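Next up: some structures, all given as structure tokens.
Each of the next two complexes has subunit A plus one more chain, namely subunit B in the first and subunit C in the second.
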Partner chain A sequence: MSDDIKVDKVFDLKGLPCPMPVVKVSKGIKEVEIGQVIEAQSTDPGSLTDFPAWARTSGNEILKTEQDDDVIKFYIKRNA
Partner chain B sequence: MMDEKTRDDLLKLFESKLNEAMRLYLETCTRCGVCTEACHVHASMGQVKYIAAYRAEIVRRLYKKYFKGRGKIWPSVGEARELSAMALDELYEAAYSCTGCRRCMVYCPFGIDTQMLMSIAKLLLVGAEMEPEILTLLADTSIEKGKSIDLFKESFMQGLKRLEDEVVSKWKLEAGETAIPVDVEGADLLYVALAGAHSIIPAAAIFNAAKENWTLSFFEAVNFGAFVGDPTKTKLILDRIVSEAKRLKVKEVCICECGTAYRVMKQLTGKQPFKVSSITEVHARYIREGRIKLDKTMVDGAVTYHDPCQIARNAGVIDEPRYILQHLTDDYRELTDEPRYNWCCGGGGGLVAMGEDTLDFRMKSASVKVDQVNATGATILATACENCHAQLSNLNDHYKMGVDVRFLSSMIADALIQS
Partner chain C sequence: MDMQNIENQFTEFQSQLATLDKKTAENKLSMVVFSGDLDKIIAAFVIATGAVAMGMDAVMFFTFWGTPVLRDAKKNAGGKDAFGKMFGAMLPKGMGQVKLSKMNMGGMGTAMMKSLMKKKNVASLEEFLAMAEELGVRIFICEMSMDLMGFKRDEMIDYENLTFCGVAKFLEEAANSKVQLFI
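The block that comes next holds the complex of A and B.
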């Protein structure tokens, strides 16, 4: 979890087949209120292009992206 | 209640689909019933609404009402049907319970293509904004990626670095070689993968083993525009890859293990300065040319192979996976005597992409597939399509089939012999 961002819900999307990470984030973000933040954890390099494009399309906002050796974490604020 | 303008707009969309082939499909059904047992949904669930001819009839009645003289003048004869909100509900039921596998087409004595008729239904649903929202969102995401890829390139390439060690663990590189080349102008082959690491790592190892001059696409192969039946979005998604291939001046575009991606790229891009291949064709070529060698001892157990409908029945890649499997195992078992009549996995047409919303239907509608696999006694169920792999894995869990569902490319990568 990022030190400077309060996360309201975490989604573990590691290892899911295409296109489940985007599908689950699209549905999952509706489980928090507008203005709240979800953390989406992925292992797919394609999510580094998928998630920003999805955020632009759906009107949500990626606050921060973190990559370590195993996991990519997206902090996404629900705006829509 | 549907207003006149909406109806007129939808009928214009209907008319846009009426080419010669479509009119033939709409006018030649004799209701002979040969297609009745051809559909895996009907064979598994046994309801009349899942017979191919019944699905087609829902579209055909609208056609008779608005595009045939007798239907306009005398609509009560010939079962012409008004385009209404209720008709749209029926179109949804027909279109999104059909996986577009075209098994019914190979049984039909006239070759009526139900998938094409369902493409009319899907287009009308798009026009009425009644299509599955998630499929449109996924299509729009793909299109947005094409517009703004320059913003994401660096982080994508950084993400690929994390995979390099795994690629090298499958095929050791020589000094100076790149495990996952990206954006290489003048490469011979552009590989279009999916978002997942499992779609990139084995493929990269095999390309490197074959000494291929290759480069990885920035884009994902799958075309959600085709799933949702929107021709404009389908083309925009395709155009991203076509533009990239032309910019890099590649000779060949190789589509990953994704059935719809391959069929759409192969059949809808028209004449291009590159050829389009499925990764299964490319792998068979490497074996045939002696560019890779495989160790059969790496595959432990009897193997059967599920032909993805969009790659085999609908795009003709049937011999290549079997040629590959001859080099992977001595215990290969066919699912059916004639691969063109193979049962669909039950996950095509966008159903798998719709996730858990369709899970119950997908499980119920594919029990014939489960029976077919179980009858082989195989312990490894190989396939070459992401959609099929996801659906077969769901079936494996749901029906406790006890098989190991594998991607063909992954089996190849694990069996590479490095001399």
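The block that comes next holds the complex of A and C.
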């Protein structure tokens, strides 16, 4: 977890290939309120392109992307 | 400018807006699923479920070789003529019998691909169908293909948003979709 961002809900999407990370996160983000932040953990390298594309289209905001070893962590603020 | 004039202009704007509204495509994906191959059907479901994740409506039209994929392996329908029986026997009965378009190698390639998909956590066709249903993907089946191949409605899958239709329904959906695909 990142120091400066308060995460309201974590989604473990490790091991899931396309299209599951984006499908799950698009459903999952509705479980928090607008303005709250989720952390999505993915091991699918395609997520690096897919999550920003999803965020732009759905009107949500990726605050930060972190990668350590195979796990990519997205901190996403629900704006829509 | 008098009031009457302004009112007339307002009415004109309103009707122009309504016309524009009809011409604006909805945030929707319309897809023709013509193929009956495992690889292509998977691609179709990945795109359809992904579209819903992207906030779009998704509509799939199954026609020709795509039609038998939506037969229910557990259901049987009687009252078929010789051709209907022949098509029924030769075409895949449900998702479990769908084969790869390339490298099938008498079923070996398909089996290998399926086990690889399982290992890599890729959803099976059955799982994709369940996911599509949960996400509200609408499925249409071409009535003409059904008739041509002698399929009966009571041998098709149970699916919440399933409708039998003709080309006009597809075109109505496609005409107001931002994205149209033929697979």
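By definition in this document, the second predicted complex is superposed on the first by the 80 of 80 C-alpha atoms of A that agree within 3 Å, B and C clash if a C-alpha of one lies under 4 Å from a C-alpha of the other, contacts with A are read in each partner's own complex, and residues count from 1 in each chain.
The working rule: contacts are C-beta pairs under 8 Å (C-beta built on N, C-alpha and C of every residue); 3 or more make two chains touch, one makes a residue touch a chain.
Model, not experiment: these values are computed from the prediction.
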Which of subunit B and subunit C A:Asp69 touches, first, second, both or neither: first
Residue contacts with subunit A in the superposition, subunit B compared against subunit C: B
Partner chain in contact with A:Asn79 - subunit B first, subunit C second, else both or neither: neither
Which superposed partner A:Ser26 touches (first subunit B, second subunit C, both, neither): both
Touched partner set for A:Ser58, first subunit B, second subunit C, both or neither: both
Touching partner for A:Pro17 - first (subunit B), second (subunit C), both, neither: both
Touching partner for A:Gly46 - first (subunit B), second (subunit C), both, neither: first
Shared contact residues on subunit A - subunit B and subunit C: 15-20, 22-23, 26-27, 53-54, 57-58
Touch list for subunit B against partner subunit A, complex: 134, 137-138, 140-142, 144-145, 148-149, 151-152, 155-156, 158-160, 162-163, 193-200, 218-220, 222, 224, 258, 353-355, 386, 389-390, 393
Partner subunit B, residues of subunit A touching it in the complex: 15-24, 26-27, 43-50, 52-54, 56-58, 65, 67, 69-70, 72
Partner subunit C, residues of subunit A touching it in the complex: 15-20, 22-23, 25-27, 53-54, 57-58
Contact set on subunit C toward subunit A in their complex: 46-47, 49-50, 52-55, 120-123, 131, 135
